[in-house]
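Down below are the structures I want you to see.
Two complexes follow with subunit A in common, the first pairing it with subunit B and the second with subunit C.
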Partner chain A sequence: MHDLRDLHDVKVPFGPQHPALKEPESFLISLRGEKITSMSVRLGYNHRGIEKACEERTYVQDVYLLERICGICSHSHSTCFVQAVEEIAGLRVPERALYIRSLIGELERIHSHLLWLGVAGHEVGFDTLLMYAWRDREVVMDILVKLTGNRVNYGINTIGGVRRDITADQIQEVLEAVRALEEKTKYYIQVATEEVTFVKRMSGVGVLLPEDAVRLGAVGPTARASGVDRDIRRDDPYAAYARIPFKVPTSTHNDVYGRAVVRLSELMESYQMIRKILKDLPEGPLTVRAPRKVPAGESLSRYEAPRGEDVHYVKSNGTEKPERVKVRAPTLANIQAVSRMLEDRYLADLPIVIAAIDPCFSCTDRLIGVKQEARRKKDTMSWEEVRVSGIRWYRERGIDFSSLNKELERWLG
Partner chain B sequence: MSLEDIKAGLEQTFPFLQGAVSVPRPRRIFVDVGPAHTAEVMEHVVLRLGFSSLSAITGLDEGATFGVIYHVNTPQGDVLSLKTHLERTSPAVKTVTGYFPSADIYERELTDLLGIQVKGLAPGHRYPLPDSWPAGEYPLRKGWKAVC
Partner chain C sequence: MKKTRVGKMAACVLRHVFKKPATTRYPFVKSSSPKAFRGKIVFYPEKCVGCKMCMRDCPSGAIEIAQTGEKQFEATFDLSKCIYCAQCVDSCLKKALEFSGEFELARLDRRQCIVTFRAPHQKTP
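The block that comes next holds the complex of A and B.
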C-alpha cells in the first residue's frame, strides 16, 4: 500500500490560456494528491486602458466606449455610466426612457443567464443542456436585435434618455418571446432540480458560506446563492425598478447548485417584470436635452448587472470630458471568493466552480495602451502588419503554413 | 437612521468634519477627511454605522494631491464615500484589508495605476498591469500619456 504521507504539494499553473477558461486569467494551484490546498489568482490580462481613455473623450463618446467593456453586460455599463452623468448634470430622465432601460436590462439578464446555463452544462459534461440553452437564447437575442439593432452593445442609452422607442408591434413580439422562454425555463428548472446526475455534480461543490460571502464582498447571484439577500434593483433602485414589484430569489445551498437555482429563478422573475414594464410603459418623450459640458461634481452609480453589483464613479470638471471614471465590475468582487470555494476541493471541480460565478474578465480588467520603451514613436500595427509579423514569427521557428494553406485552398475548390 | 442623522452624528463625533459631509441625494453620503483622521473615521463608519461592505476604492489624480475614495455600503442600499487626500510626494495609505479582505485587489490597483503605496498590504501579485510594466510609469496620473 502506498504511504500517503509521502505526498507533497505540487504547483500547477492553470491559464492564462487554458481550454477550460473562456478568457485569459491565471491561477496557480497547489495540489496535494487531487485536492487543492491553496490557490492564487493573477488577473489583468484583459486590461485595455478604458478608464484612462474615458478621460480623453467626451461624455457621449464614453457611453459607447464603456458599453464595450463587456459584450454580455454592455447595457449594464452604459446605464451605470449615464446615470452618474445625469445625476451630476441634474437631468430628469423621462419615465418612458427609464422603463425602456429596465426592459433592455432584463432582456440582457435573460440572455446572460441562458448563456451561463449552457456554459455550466458544458463544464459538467452535460452538453445537451448547452445546445438547448444556447438555442433558446437566440430567441432573446433576436428580440434584442429588433429593439436595438444589435445582439450586444445595444447603443440604446444616451445621456438624458434612450435613443430608440418601442412600437406596439414590438411589444407583442417581446411578449410572445417571453411566453416561449418562460415555458423553456420551467423545463430547465425541472432539469436542474430533478436530473440526478446534474444535481449530484453541482451539490456540495464550490461551497461559500454566508459569512464568507459577506466578508469577501461577493455580489449578485454568487452572494444570493449563499443566502445574502441583496439586489441593487431593490435596495438602491434605479431606472424604473422602484415601480416594478419583483422577488429577489436566494438560496441557502451555498454551492454551485444554489447558484444555478438562483439564476433560473431570476429568469422567471425577469419574465414577469418585462410583462409589467410593457403593461405600464408610460407615454412621453425619450430624452431630455443634455449639456455638452457637465458641471463640476461627482456621483456614484450602481446597477444590478447579471453578475451582480456594477459600480461607476464619475467626477466631472465643468468641461465636455470627465475628470475621472472608475469602473468596478461584479467579477472583480466575486473572483476573490473563488479561492475560498476551492480550498480543500478536488481539482476536477475547478472549471465548474470558476464558471459558477459567471466570470467576465473583460469587465474586470478594463484598460490599457501599450507603451514600448524601445519604440516610442510607433508601437501600433495594422491588421496586415500583425498578419505578416505572425507568419514571420512562425517561419523563424521553422513552422511554415504555406503548404497547408495551399492544400486547404485545393480542398475548398 | 437617515443619512441626515448620520451626517449630524459624524459632525458631532468628529468636529473636524464640520462642512465636510454632504448628502447629495437619497442613499448617497460623501465624507471628506484629511489623512490624519482617515483611520478613525473609517473605523467609526464600518463598525458603528453599519457600512460593512466595500463596493470599490477609487484613486484620483487631483493635481496638487492624490485622492483616495473608499465606497462602503450598508445592506439597506446606502453608500458612503469616504474621501482622503494625500501629499504628492510619496503618497501612501494604510490598508483596509483588516475590515475588508476584498480591498486587496483595489489597493493593488491604486499602486499600479497611480503609484499610491499601501502600507500593511500582504505580498501578492500586482494588478492590473503586466509584470514587465516599466517601474515609475503610472497610467492614471494626469501627466501620463499613452503613446499609441
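The block that comes next holds the complex of A and C.
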C-alpha cells in the first residue's frame, strides 16, 4: 500500500483552454492524490481593454460599451456607470425612470439566476434541470425583449433616465409572466431541496466559512450563502430600491447547496419586488436633459448585480469623454474565495465549485502592466512584435509553420 | 432536514413525453420579432438634414452620412459593426432613422454587410 503522505504534489494546469471551462481562464492546481492542496488563478486570457476604450469615447457611447462588459448582467454595468455620471453631473433622474431601472434589474436577476440553476444542474450531471430551467428562462427573456428591444444588452439606460417607457399592456404581460415564473420557481425549489442526488452532491462542497468570506471579500450570493448579510440594494439603495420593501435571503450552509438556496430564494423575492414596482410605478417623464460635457469630478457607484456587488469609478475632466473609468465586476471579488473553497477538497468538485460563484471571467479580466524600471525596456508590444516573437518562440523549439502557411495560402488561392 | 427522494423530476419529464416540444422550428418556420425589437436601421433620406449627430453618437462607428447634392444625403451602414443599440435613432432629431424588426443580417461576405440608403432618384441604374 502506498502511503499518501509519501506522494509528491502534482501540478495540473487547468485551462486556459479546457473543455470544462466556458471561458478561457487558467487555474494551476496542486494535487496530492485526488485532493487539491492549493490552487492559483490566473486572469488575463480574455482581456478586452474596455476601461481604456472608455476614455476614447463619449459618455453616451460608453453606456453601450460598458453594457457589453457582460452579456448576462449588462443592465448592472450600464446602470452602475450612468449612476456615477449622473452623480457627477448632478442630475435628478425622474422617479419613473428609477422604477423602470429597478424593474429591468430584477428581471435581469431572474434570468441570471435561472441560467445559473441550469448551469449548476449541468455541472453536477443533472442535465434534466438544465433543460427545464433554461426552457422556463425563455419566459423572462421574452419579457425583456418586449420591454427593451433585446434579449441581452437591453440598452434601456441613458444618462439622465431610461430610453423606453412601459405601457399598461406590458405591465399586464409582465405580471402574467411573473405569475408563471413564480409557479415554476416554487417547483425548482422543491426539486433543489428534495432531490436527493442534487442535495447530496451540493452539501458540504465548496465550503466557505463566514470569516473567510469576509476576509476574502466575497460578495453577492456567494457571501450571503456564508451568512454574510450584505446587499447593496438595501445597504446603499439606488434606483427605486429605497421604496421597495424586500428581504435579503441568507443561508448558513456555507456550501454550494447554500448558494443554490440563496439564489432560489432571491428569485422569489424578485417576483414580489416586481409586483410592487409595477403597482407603485409613478407617472412622469423618463429622462432629464443630460449635458454632453460632464463637469470635472469623480464618483464611485455601487450596484447589486446578480453575482454580487458591482463597482464603477468614473473620473471626469469637463470634456465629453471621461478621464478614467474603473470597473470592479463581482467575479473579481469572488474569485479569491474559490481557491479557499477548494483547499483540501477533491478535484472532481472543481467544476461545480467554480460554477457556484457564477463566474464571468471576461467581466473580470484585468491587465497588469509591469514597468521594468531597472532595464528601462519597453513593456508593451505592438501586434507585429507579438506576431514575430511568437514565430520565433516556436522556431526555437523546432516548430516551423512557414511551410504550412505556404500550403494554406496556395489552398486559399 | 427535509424529506429527500430520488427522481424528483421524473414525473415532470414523463409528462413532457406527451407534450409538444418547447422549441420552435426556426429557420424552417419563420420567426418574427416583437414590435420593440431593435433590428436593422432604416434611413429616410428625404428627412435628413445632415447634422451628423447620429455619426457622433454611434458607439461603433457604423454610420456614415455623406452629402450627395444640395440638401441631399446618403447613409452608409456597416451592419457588421452596428451593435443595434438604436442610439442613432434617439440622436436624430429629424426622425430620419428608424429601427426595423429585421434580424437575419448575417452574410458570408463582409462587403455585403455594407448597405447604402440613397434618395430614390439617386439610385444607380
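Methods note: the second predicted complex is superposed on the first by the 359 of 413 C-alpha atoms of A that agree within 3 Å, B and C clash if a C-alpha of one lies under 4 Å from a C-alpha of the other, contacts with A are read in each partner's own complex, and residues count from 1 in each chain.
FYI, a contact is a pair of C-beta atoms (placed from the backbone, for glycine too) under 8 Å apart; a residue touches a chain by one contact, two chains touch by 3 or more.
The structure presented is a predicted model; accordingly, all values stated were derived computationally and were not measured.
**Student:** Mind working out whether A:40 is in touch with subunit B, subunit C, both or neither, as first, second, both or neither?
**Tutor:** first
**Student:** Tell me which partner A:243 touches in the superposition: subunit B (first), subunit C (second), both or neither.
**Tutor:** neither
**Student:** In this superposed model, does subunit C or subunit B come into contact with more residues of subunit A?
**Tutor:** For subunit A, the partner with the higher number of touched residues is B.
**Student:** Just to be sure I read the superposition right, which of the two partners does A:18 touch: subunit B = first, subunit C = second, or both, or neither?
**Tutor:** After superposition on chain A, A:18 lies in contact with neither partner.
**Student:** Applying the document's definition of touch, where does A:68 land relative to subunit B and subunit C: first, second, both, or neither?
**Tutor:** Only subunit C; A:68 stays clear of subunit B.
**Student:** Looking at the overlay, does A:57 come into contact with subunit B only (first), subunit C only (second), both, or neither?
**Tutor:** The second partner, subunit C, only.
**Student:** Examine A:146 and indicate which partner it touches, taking first as subunit B and second as subunit C; both and neither are also allowed.
**Tutor:** Only subunit C; A:146 stays clear of subunit B.
**Student:** So, A:235: does it touch subunit B (first), subunit C (second), both, or neither?
**Tutor:** Touch partner of A:235: subunit B, not subunit C.
**Student:** Considering only the defined contacts, which subunit B positions touch subunit A in the complex?
**Tutor:** 24-25, 27-28, 30, 52-56, 58-61, 69, 71, 75-77, 79, 81, 100-102, 104-106, 113, 124-130, 134, 137, 139-140, 144, 146-148
**Student:** Help me check something: in the complex, which residues belonging to subunit A touch subunit B?
**Tutor:** Per the stated touch rule, the residues are 40-44, 47, 49, 51-52, 87, 214-217, 229-230, 232, 235-236, 298-300, 302, 309, 311, 313, 315, 323-324, 326, 328, 332-333, 335-336, 365-373, 376, 379-380.
**Student:** In the complex of these two chains, what residues of subunit A are touching subunit C?
**Tutor:** Those residues of subunit A that touch subunit C are 57-58, 60-62, 64-65, 68, 128-129, 132, 135, 138, 142, 145-150, 153, 155, 158, 163-164, 187, 190-191, 193-199.
**Student:** Where on subunit C is subunit A touching in the complex?
**Tutor:** Touching subunit A from subunit C are residues 2-9, 12-13, 22, 33-38, 56-59, 83-87, 90-91, 99.
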